[in-house]
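The structure that follows is given in the form of structure tokens.
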Amino acid sequence: MANNFFKKINEYKSSGFGSKIDHQPERFINYNGSVNVKKIGLSFFDHFSVFHFLVTINWLTFNSLVIASYLLANIFFGLSYWIIGIDEIGIKHDTAIEELMESIYFSAQTFSTVGYGRANPGSHLANIVAFSEMLVGMMYLALAAGLLFARFSRPVAKIVFSQKTLIAPYNEGKGVMVRLSNAKSNLLLEVEVKLLLVMNVMEKGKELRKFYDLKMEMSMINMLALTWTIVHPIDEASPLFNFDKDGLDKSKAEFMVLVKGYNNTLSQQVHSRTSYKYYDVEWNAKFSPIFEYKNGHTIVPVNKISQFEKVL
Amino acid sequence: MANNFFKKINEYKSSGFGSKIDHQPERFINYNGSVNVKKIGLSFFDHFSVFHFLVTINWLTFNSLVIASYLLANIFFGLSYWIIGIDEIGIKHDTAIEELMESIYFSAQTFSTVGYGRANPGSHLANIVAFSEMLVGMMYLALAAGLLFARFSRPVAKIVFSQKTLIAPYNEGKGVMVRLSNAKSNLLLEVEVKLLLVMNVMEKGKELRKFYDLKMEMSMINMLALTWTIVHPIDEASPLFNFDKDGLDKSKAEFMVLVKGYNNTLSQQVHSRTSYKYYDVEWNAKFSPIFEYKNGHTIVPVNKISQFEKVL
Amino acid sequence: MANNFFKKINEYKSSGFGSKIDHQPERFINYNGSVNVKKIGLSFFDHFSVFHFLVTINWLTFNSLVIASYLLANIFFGLSYWIIGIDEIGIKHDTAIEELMESIYFSAQTFSTVGYGRANPGSHLANIVAFSEMLVGMMYLALAAGLLFARFSRPVAKIVFSQKTLIAPYNEGKGVMVRLSNAKSNLLLEVEVKLLLVMNVMEKGKELRKFYDLKMEMSMINMLALTWTIVHPIDEASPLFNFDKDGLDKSKAEFMVLVKGYNNTLSQQVHSRTSYKYYDVEWNAKFSPIFEYKNGHTIVPVNKISQFEKVL
Amino acid sequence: MANNFFKKINEYKSSGFGSKIDHQPERFINYNGSVNVKKIGLSFFDHFSVFHFLVTINWLTFNSLVIASYLLANIFFGLSYWIIGIDEIGIKHDTAIEELMESIYFSAQTFSTVGYGRANPGSHLANIVAFSEMLVGMMYLALAAGLLFARFSRPVAKIVFSQKTLIAPYNEGKGVMVRLSNAKSNLLLEVEVKLLLVMNVMEKGKELRKFYDLKMEMSMINMLALTWTIVHPIDEASPLFNFDKDGLDKSKAEFMVLVKGYNNTLSQQVHSRTSYKYYDVEWNAKFSPIFEYKNGHTIVPVNKISQFEKVL
């Protein structure tokens, strides 16, 4: 065991969550699962993935970008037609502004491939611009189809974690407990969990940041239909053995929870993360039972997942 | 073994299929594989996934939604044009109703990007509405393409299970048997199976609901080309050792079968489930041979998969 | 080992490749990897998957279906317009046939959303049919996009197998050898292989069909860049120990090769299969070296993969 | 261990990275991860995958192909209309060239389904060509959508490797070290690494090329958030035990690094490779610490990943 832990410590040192305690970020993983890391040094596009960005931004931002790009494209092509001059422009052409507006309307009719035809390109130049805009419009549509599909088909599990980690009597000793559930109504299969601990410990008179892969009582379940309370039993092999609240607080401990499951409906792996700092730990408490039963169904009130009650 | 089972019991307690026997739903998993669980407590969209819904509803419902949304969009935009007034509307405009109808037709011509052009927007306002509708129409098409692809490309295996679990002589003792097959003509590879048992047992004078992960004689096959009879041998390590029909009935046992395979053609994992209650168990019966051979092919009559014959 | 083999035998009995030797198909797996199995007994659509079909048919058939469905849809809608009567039909309408042709052209203009507008619906009935056809056309396009993507993005590995299985001196004894390669220029990673043997053996005076999972000298390689000769060493644990050509022929042996790999470019698992009957076995032969080296590249002449030379 | 290494050697012999040292390519894997292998002997399309090609070419080439195919299609159909004669061609038809240009413009209006309608087919022949072009245009769009999605959704990890392999004191002995990171801002989960070594060794008086799967101190980490220095400890079981710089140079050693991880956002496996020749090895050096900390974030300057400092 000790050897295994030692290895894990090295592993995490290797992964760059280094062992020096100065200037460390306060926490590695935020409660929402994001990581406190920033990459620099290469060009913008080496660090940045356009597709990743367009797939992960929220719907409001995405829709705004769709609308903005549609507007920009049509303003660009509209201006081009206006400068070139469409031969048989639509009805109103009293002012240059109105002609520009008509050009933009015409651009949209070309871009979207509507093509009413009242306005249509008569000169070679205008025809060539329209010829190009048609291709751009087709590619815009093709791209939108791909992006919408990618956004929609992203893993839809929404793992909900208890707000606190509990440390409470468990079997003959104590245990670290986190409760989680899938808020979505779909079923997650083969759900696995890891509980990592990082804390400052004194070693040979030096304070070092150390990583531990905490042994779980159960690290996999066949399906996550209801809730799951994951447990690390604090036995003699545990790095938390003989720790009390004061000791844990001084160690500035952070518990990281990594969850992995399989969404059957969409044939997709689903991952989720969260983290608890020492001040998110509740001592001597256990999670309250929350299930209700109605019409042969088990009801899971996901909002009550953090409920606990004190134990002596 | 015992220790392993103990762990599994805890696992399932943790997963929320709790150990108390009061107010439990009659069965956890229905014969069709759905689970008797409902999530509440968060907002509707935390529990509900639009994509999940649109991908899993049947084709009749899906097509109705496509048609309904197309109608609604065109009624909305048609009304807008009608209120604004398209300058050069089509032929008939004797009545307001006919003008409204024409506006809806025109809306569809814009939405679908057909754009015949007889009717077309003349005023700035009408042009701006059309400008917007074009984008909506493009996105509608993009979305439809994504959804149709997602619906079509969902795993297509259709695992068929025998209607009964059989308990029959097996080797020197008895065995629990379920027969399954893939109704589809494609081949499933690396098919794995789990057989879980939940039943009420007396422990220290209290009746508890307990979960067991039953040991399979064979839990994986390289390909599921024909049928597969999965077997749990009831040996000394089995929680069913020394149980007879009466004992099983009193325990209100439920056998849950979880199947996982790989669809080679579509590069997809396929999962399926079913469950048998104690009253779905047939004692002293074995599955009848059902294969036929014709023209060098093995014929699998999938409808006969449940056929069994009594053994003494 | 023996125990393991025993288990495997049961496994395959369970999978329905039964142990009785009467009326068995001559071979289970064809050289091209397809399986000699047919499913019957349920309704057509329980056995048949439309998507599976449209994705796996060859391009000629697929394109013919695309064209046929396009023609049929436009003939259907063209007939509808013709019966209803489009108010302002195109130029030529001397004969009913020409009007029908014009109606079909108009249908295509609507279906494809081209909508030139010379012909366009004037009556309410014609407008309503066009309104419907626009939606059908959009869905047709959406479906085509999904299907084309699914067809194109199917795993592209093309595993090429040697035409013969060789049995030749290997280490101190003999070995069964098959050579394979990926004809495509992409790289397969983490390639795994299984070699299964089915043959008739005498047991307790009865001839039984038995299955064996042959132990491989190496069952996984990190990447399949060139060719790979898989080897089953015929040692004492092998079911082929002490077999000669006559013995193998009498056993009507069939060697089944299952290959699995990972296509890095497309993030897809790739599977392939083949099978060799006893008459596809070449005794006392080893595969000829086939690599050439040019300009720092290793050249793999995939067409020479079956080349072998006799050994004494 | 020795036995395991022996097996691995055979594995690689089997995979065709043969043991003869004559005429071998100078290196198997290039620094950018591509492999020095070429497949010949079958037909072009047996070796070549159109989809693979269209998905892996860079954006400039891809866009050029899109534009070229769009131009070619419209020149082809434009020529067809010009030869057939569109009845009511657009405005200008002074010269045959201008008519041809108009025909090409008209083709694009049909291909893209814009269909302004000023020019439109009047004769049966022209109508039938247009009827066909509409289908081609729809399929072009469908294909473009699929390809764009496939290109965009390819795994986006960009693993950056140190330019040199370091050999430096490690624990009580020495170790081979490579540092890597993910340049992209997304998180890779469950990252696994393999370090393979190929070198010429003297065996029974003959120089043979041998392959070794080097034992890693740590071969998997839960997440690759920062950098990861992978280490092969040169202990007694290592094939590099007792090697110094001269020995390694004479062996013409090549270290191959294979990395595999999981991109959570896109539910995709990500693979990467690189290789170091003996002249890419830096003796007695260790990687410099490169992290910075700002505003609670750990900053990873990916461009400094190769930085090392000499140790005695």
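In order of appearance the chains are A, B, C and D, and numbering begins at 1 in each one.
Rule of thumb we're sticking to: a residue touches a chain if its C-beta (ideal position, glycine included) is under 8 Å from a C-beta of that chain, and two chains touch if they have at least 3 such contacts.
A quick note: this is a predicted structure, and the numbers were derived from the prediction, not measured.
Rotating subunit C by 90 degrees superposes its CA atoms on those of subunit D, with the angle stated to the nearest 5. Computed from the mean C-alpha positions, the centre of subunit A lies at a distance of 26 Å from the centre of subunit B.
Measuring from the averaged C-alpha position of subunit B to that of subunit D gives a distance of 36 Å. The residues of subunit A that reach two or more other chains are 109, 113-117, 141-142, 145-147, 149, listed in rising order. Viewed as a network of touching protein chains, the structure reduces to a complete graph with every chain in contact with every other. Subunit D makes touch with subunit B in their complex at residues 113-117, 142, 145. The touching residues of subunit D, when paired with subunit A in their complex, are 66-67, 70, 74, 90-92, 98, 101-102, 104-105, 108-109, 111-118, 140-141, 144-149, 152-153, 156, 158, 160, 181-187, 189, 217-218, 221-231, 262, 264-267, 289, 291, 293-294, 296-304.
Within the complex formed with subunit B, the residues of subunit C that make contact are 7, 10-12, 14-18, 23-28, 35-42, 46-52, 55-56, 87, 109-110, 113-117, 120-122, 124, 127, 130-131, 134-135, 137-139, 141-143, 145-147, 149-150, 154-155, 194, 196, 258, 260, 268-271.
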